[in-house]
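Two complexes, one shared chain (chain A), two partners (chain B, chain C).
Let's look at the complex of A and B:
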């Protein structure tokens, strides 16, 4: 029986954001945008979805009069990512054995 | 990277791998602080040694006062960098704590040995202490020149047991050359290469 892939994470950009954040303590919006090659609008929407799911924390502040958005993965996000990877491995192992 | 409708599990794996690799492959440090402190300590140690054997200045040990403006430059640079910083890695945090422990140990070393005039012992301990954050930084960054540099500091600390007290100053100069100056230039080269293409 396949574990269902988490629909929040099973989307290219959201998965890319979480995969980036899993390896760092925190990252700025501009860094994530640069690394994922996403548009600012699309990235904002996906970050908002991840935030609503409780997978990431978003901090907004002003630095030198410029707005700065910082993202950080939450414990809930880490658990969800680990479950997603486990489900993915299961899926890929079965696909491989069927070849 | 736009949203898509048919996102296959195989693609998920590729996304995860590429993003993790993106973060891992970055050289965040351009070696500025290694070069700053490497050159300052080299100048102070060699200067101290030279002034010990002639009468140019009455208190040769005062060359170490150069570390005060160096500390000011260090903090100014750190403050400027923190404003520009777009990402903080766990590696940054570990390295930061390692150097904070180093600063605490250096202060204690001065209080325990320097204030009692036990200069020879103090420099031997300093050589040992230099090796710790250098080795940890090398291990965390997976950067061999720092690992080797840290190890060299410990070897020189052991050697200092058999040399004349004044010559320990030259060992300090050699230690910072191997542990900070050479790795600092290698880091700067790799950082520039990564960021300029």
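Let's look at the complex of A and C:
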């Protein structure tokens, strides 16, 4: 029985954001934007979706009169990511064995 | 990155590994400012203290006051670096904790050096006792209880965070600096406080100033190549 891939994570930009955040303690919006090559608007929308799912924590503050958005993966996000990777492995193992 | 394109399992795996690699290669580049500052300050304190004692300069100035004053620019550097940082890795976070613990330990040790003589005298006098020193000619003089060879103890503490950082970040100059610091510590066990002061200064230069300058050069080179 195949595990269903988490629809929140099974989207290019959201998966990229979570994969990036899994390797660091926290990252700023500008850093994520640079690494994912996403537009600010699209990234904002996807970050909001991840936040609503409880996968990431978003902190907004002003530094030198400029807004600063910092993102951090939550425990729930880590668990979801691990499950997603496990499900992926299952799919990949099957496709390899069918070759 | 488009979010509307359909992706299969292989695409997912590709994104994950690509992003993990990008996160790995994007550590905040240490610019060496703190290391240079502390290496210069402690190096100066140690060498100045040595010269003051060795040449018996009659200067009523405690050079270690500079180490206390250096906390002010350190706070400023810390705030500025935090503001400029766009990503914080787990490794950096752990290193920050190591240096914080080091800072607390060093000040706790300096506090110990200053409190122990007074507290020991108090405790002894409460029990009707007093420490005296007997000279080889039989003369007796009151002896103020001090921690023996305090600068040797400081050198053990100096080496600890530098070695941890050097090993973790695979930064050879810091590993070598820490090893030099342990060698100076061993030598200081057999020398007077005058020479301990010189060793302390040299330990700070090897431990922080030189690695800091190397870090700074690397940082400036990396920044230059990014702006070309």
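We take it that the second predicted complex is superposed on the first by the 99 of 99 C-alpha atoms of A that agree within 3 Å, B and C clash if a C-alpha of one lies under 4 Å from a C-alpha of the other, contacts with A are read in each partner's own complex, and residues count from 1 in each chain.
To be clear about the criterion, a residue touches a chain if its C-beta (ideal position, glycine included) is under 8 Å from a C-beta of that chain, and two chains touch if they have at least 3 such contacts.
Values in this document were obtained by computation on a predicted structure and should not be read as measured data.
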Combined model on chain A: chain C and chain B, fit or clash: clash
Which of chain B and chain C A:92 touches, first, second, both or neither: both
Contacts of A:24 with chain B and chain C, given as first, second, both or neither: both
Partner chain(s) touched by A:37 [first = chain B, second = chain C, both, neither]: both
Which of chain B and chain C A:8 touches, first, second, both or neither: neither
First, second, both or neither for A:56, with chain B first and chain C second: neither
Shared chain A surface residues [contacts with chain B and with chain C]: 5, 10-13, 15-16, 19-20, 22-28, 30-31, 35-38, 42, 46, 63-64, 84-85, 88, 91-92, 95
List of chain B residues in touch with chain A within their complex: 1-4, 7, 9-13, 15-16, 18-20, 22-24, 83, 85-90, 92-93
Residue ranges of chain C in contact with chain A within the complex: 1-3, 5, 7, 9-13, 15-16, 18-20, 22-24, 26, 83, 85-90, 92-93
Contacting residues of chain A [partner chain B, same complex]: 5, 10-13, 15-16, 19-20, 22-28, 30-31, 35-39, 42, 46, 63-64, 84-85, 88, 91-92, 95
List of chain A residues in touch with chain C within their complex: 5, 10-16, 19-28, 30-31, 35-38, 42, 46, 63-64, 84-85, 88, 91-92, 95
